[in-house]
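Report on the following structure.
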Amino acid sequence: MEYVKTEKEDLPDLRVNIGALELANPVMTASGTFGYAREFANLMNLHRLGAVIVKGISLYPREGNPPPRIVETACGMLNAIGLQNVGVDRFVSEKMKYLAGLSIPVIVNILGDSVEEYRQIAEKLVGVDGVAGIEVNISCPNVKKGGVAFGTDAVMAAAVTEAVKGVADVPVMVKLSPNVSDVTVVARAVEDAGADCISLINTLIGMGIDLKTKRPALANIIGGLSGPAIKPVALRMVYQVANAVSIPVIGIGGISSTEDALEFMLAGATAVQIGTANFVTPRISEEIVEGIHKYAVAEKLNSIRSLIGGLITD
Amino acid sequence: MPQYQEKAIITRVEQFSVKNFRLTLDSPEIASCAKPGQFVMIRTGVGNDPLLRRPFSIHQTSSNGAIQIYFKAVGRGTDILAHVKKGEALSVFGPLGQGFKVREDSPAVLVGGGLGIAPMLFLAKAICRLKNVCSKGLVILGGREKNELAPLLDDFHEIGITLYTATDDGSLGHHGNVVDVLHSIDLPANCTIYSCGPEPMLAGIADLARQNGVVCQVSVESVMACGMGACLGCSKPRKDGSYAHVCLNGPVFNAEELKWNT
Amino acid sequence: MEYVKTEKEDLPDLRVNIGALELANPVMTASGTFGYAREFANLMNLHRLGAVIVKGISLYPREGNPPPRIVETACGMLNAIGLQNVGVDRFVSEKMKYLAGLSIPVIVNILGDSVEEYRQIAEKLVGVDGVAGIEVNISCPNVKKGGVAFGTDAVMAAAVTEAVKGVADVPVMVKLSPNVSDVTVVARAVEDAGADCISLINTLIGMGIDLKTKRPALANIIGGLSGPAIKPVALRMVYQVANAVSIPVIGIGGISSTEDALEFMLAGATAVQIGTANFVTPRISEEIVEGIHKYAVAEKLNSIRSLIGGLITD
Amino acid sequence: MPQYQEKAIITRVEQFSVKNFRLTLDSPEIASCAKPGQFVMIRTGVGNDPLLRRPFSIHQTSSNGAIQIYFKAVGRGTDILAHVKKGEALSVFGPLGQGFKVREDSPAVLVGGGLGIAPMLFLAKAICRLKNVCSKGLVILGGREKNELAPLLDDFHEIGITLYTATDDGSLGHHGNVVDVLHSIDLPANCTIYSCGPEPMLAGIADLARQNGVVCQVSVESVMACGMGACLGCSKPRKDGSYAHVCLNGPVFNAEELKWNT
């Protein structure tokens, strides 16, 4: 598969590399917040994105949680979608055709209930046209079995990484949970287990209550907190992990503007993912690509890569 | 299905009661392709709080590129909207969702309760372009009290469709709710009910439709983050146990498809 | 020392008990956000508060961190004050006189660099007139030595608790860090070590970056995130801990309104602490006392205690 | 030291340039006890974002219970303030901090640069109630260009104190900054300099004062969360290595007390 790439001669050069994968620019869309990309096709030029990461896929189809699944919070939202998805087989047969037609890398976010399930899903993605990478979600807080345990346990996280790496024919990105005492421990464990890059953060575990009904605001009681509210936590963790590992780090968490994206790059992120902001401003991901381009021009950067980890801390 | 993210200038603000407002927005792209029953997502604030857009039915469109929403201030977002002024701009995203499917050759019975009136004006106008559907058709509007309905009646009268009203306090039309009115009248033969309003009202209407063997389309609500199928947050249980998504598969559904809590 | 208490006959009864300490109502002010109370004396009637918790006190005086110490974030703020305080000796000689004159319980928040330091501070508070309780801060993220390690390590947390309990002559509240994989593990450990009650959450560790200068927004690089942004995380942790221990739990985190306070009580909190909201609305703590009173009247509650843990989750 | 949390109605909005505004607020309690150099903390938004109040010097008070602030739109909070309308209410908290300590029998030299002009009007008025201090005194105001100063000059002229102006672009008064002006004039004997403005300017003035052996009071800025000594966030290094708190020990300090980065 060939992507439309920025030529070396095009300045500023916005290309970044995550493992063996080269992106035309550092802006991706976060899993679960961009559907299967097609939903956004008549709102923006999808081809301008660095990459698209699709909604989490499991081995078997899942109906997801009963409503209410989302609730707004101060500068953020809680979700407990419960990984509603069509399962890997139907994903490959129904959704990949359109995605493969896009001239940008498509990364498939996967989630299993066991190490073996992760391996099986990854296996089913081998050789599938259009799959440019796999993002291993070991951090989804909404699924009772599995999800959390893998993300908060360095040994399990490493085991999942190894299993997926063992079969995958594309770069493997492992997505970390922020609900841990020391995120660098898990980061180092997945790096040692062979991850090509690390993305973080997934949502913080939170809860909402409806005072009027005296009931939880989400049917699932707890859910994942995302949006601008969590940006400071995400920025801190990206900074810590970028200083702890030598594989590329992808920053996620509350990014809603070009400035936010650039801050994550200064903290050490090679690229970023836009999540909740896609709901607020459907065109935001493309706008951030444009914004980064403008910034690079204004700052006379030859390559946006010169920003990565450029935070001055003396 | 085109969708637009527009900066729409507010050209008119009408306050109908303490809490009920109608806004006219200059939104030519959305106006040009919207269909009755579709909705828009509107940003209510400037900062990150409230963060998410709020969904509103399209109340009516005009050929000069305007759309209207009719809303009630019930919380943080709508309170902010209740304070906007003519000339200010709002970020509007739409048109979204599946609107009403107008069935030709079937007399239309429109039932709007509370803020469920909002999409009915747009629908009534569209329906009355089809002679059969309109001449034997009728509209029933219900509210808590007179002020919620009265300012809208002229717009419906203009269309020339038979109009019934009901208020909880009896201050206008029938003293009671729209389901009572539906029970009290003879439904046109082979009619289709198009309705929007609070869930208990819709459940009642769905029930009545089933008993009368007529088709019933309902516009339902749900909390929404994206309004366009990206978040999967707006799930609604179907009769078959699976989940529909209000923003994508709805907001208008065939009443038979959904699970009703009764 | 005698406090002005609500009489049993006064309905609604707003009193709550945290350990042996009875509060006239469940509203306290959080450490570090209410100075030494005197700062608020001409803004509100301090005597209407359930209790006052004073700024963290260490064994020796601390100058705190260089500026900038605070930065605003989406619906929140980061702080890295660095525990500036006069030290326990001067606290007792200079600040306690005024505080002892208040007719409400004064709880002293303490922080040490070692188990031994915590013990020494607690010892210096023994018999001091006006000290109604001690809150042990094992969770301050802003002090390089100590702070974090105690709060994220159940064994150390228990050791600190035991040391303070060993000398204190007043109820001991242990304040937990949210920056952990499983907050119930630490909660159970401090309960077993003899804590009279648990308060949570302290701030989430976060970071801000100034894109213009390419420098961290805080001189200390990382800081503590507080305010409405963190409320969903706080509510979740309070719910988890209240279901895991049998001692009273005090809810903290983003509480800015009566509704927020009541939600924490439904989640299982016996009382609450108001933090960052004191900066935004200096009179807020008294307003929340009034709001809870009004709610109890409107809902015809005989006692506000009937709300504690009342969340319906069937 | 009384402090009040008031809902203040905006009675006047003046726009002096694209970014510079002056608001008049009905705030009788604060007006009744404010002193020159003190400040207020104002909530700029309705939701939780922006969360914190913003500090503004009291520009002047009036006997009918009004206070004024003079500000520049530089970010999120001040942008919102730049859009408020007459008749709306703002939550104002103050008066806060230690103001200028007017030294009787010492001619006053007031120096305001940029938004540092804001507190100088209030101070000039207070000072000119003392004959000696005023008659030999003078005011120097500096800005980027004419529009930043011109609209304020009448207010200063009224007071009857000698006035110098300087602009970076030379569009009004001296072509250069206020420190140049200070250097170019003969300081009145035994005078006291009262100044407010950007740090480099204050550092320059502090330096000049030291060289001339005159007392210099400076009003400095800092990020603030509470404005009243509760958060300890507004620390400023003192010469002796300890930290002062701008909201409590300042914003006005004796220049000698602080550490200057020069």
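Each chain gets a letter, A, B, C and D, in the order it is written, and its residues are counted from 1.
Going forward, a residue touches a chain if its C-beta (ideal position, glycine included) is under 8 Å from a C-beta of that chain, and two chains touch if they have at least 3 such contacts.
Everything numeric here is computed off the predicted structure, so don't read it as measured data.
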item	value
Third chains touching both chain D and chain A	B, C
Higher-contact pair (C-beta pairs counted), B-C versus C-D	C-D
Length of the line joining the C-alpha centres of chain B and chain D, rounded to whole Å	54
Geometric centre distance via CA averages, chain C-chain B, whole Å	48
Geometric centre distance via CA averages, chain B-chain A, whole Å	36
Multi-partner residues of chain D (each touching 2 or more other chains)	48-50
Multi-partner residues of chain C (each touching 2 or more other chains)	74-76, 227-229
Overall pattern in which the protein chains touch one another (line/ring/star/complete/other)	complete
Residue numbers on chain A that touch chain C, as the complex places them	73-76, 78, 152, 179-182, 204-209, 211, 213-216, 221-222, 225, 227-233, 235-236, 239, 254, 259, 262-263, 266-267, 310-313
Interfacial residue positions of chain C with respect to chain B in the complex	74-75, 228
Of chain B, residues touching chain C in the complex	48-49
Chain B partner contacts - residues on chain A that touch it in the complex	32-35, 39-40, 42-43, 55, 63-72, 74-77, 79, 81, 84, 227-229, 256, 276, 278-283
Of all residues in chain D, those that touch chain C in their complex	1-5, 43, 48-53, 91, 93, 222-237, 241-243
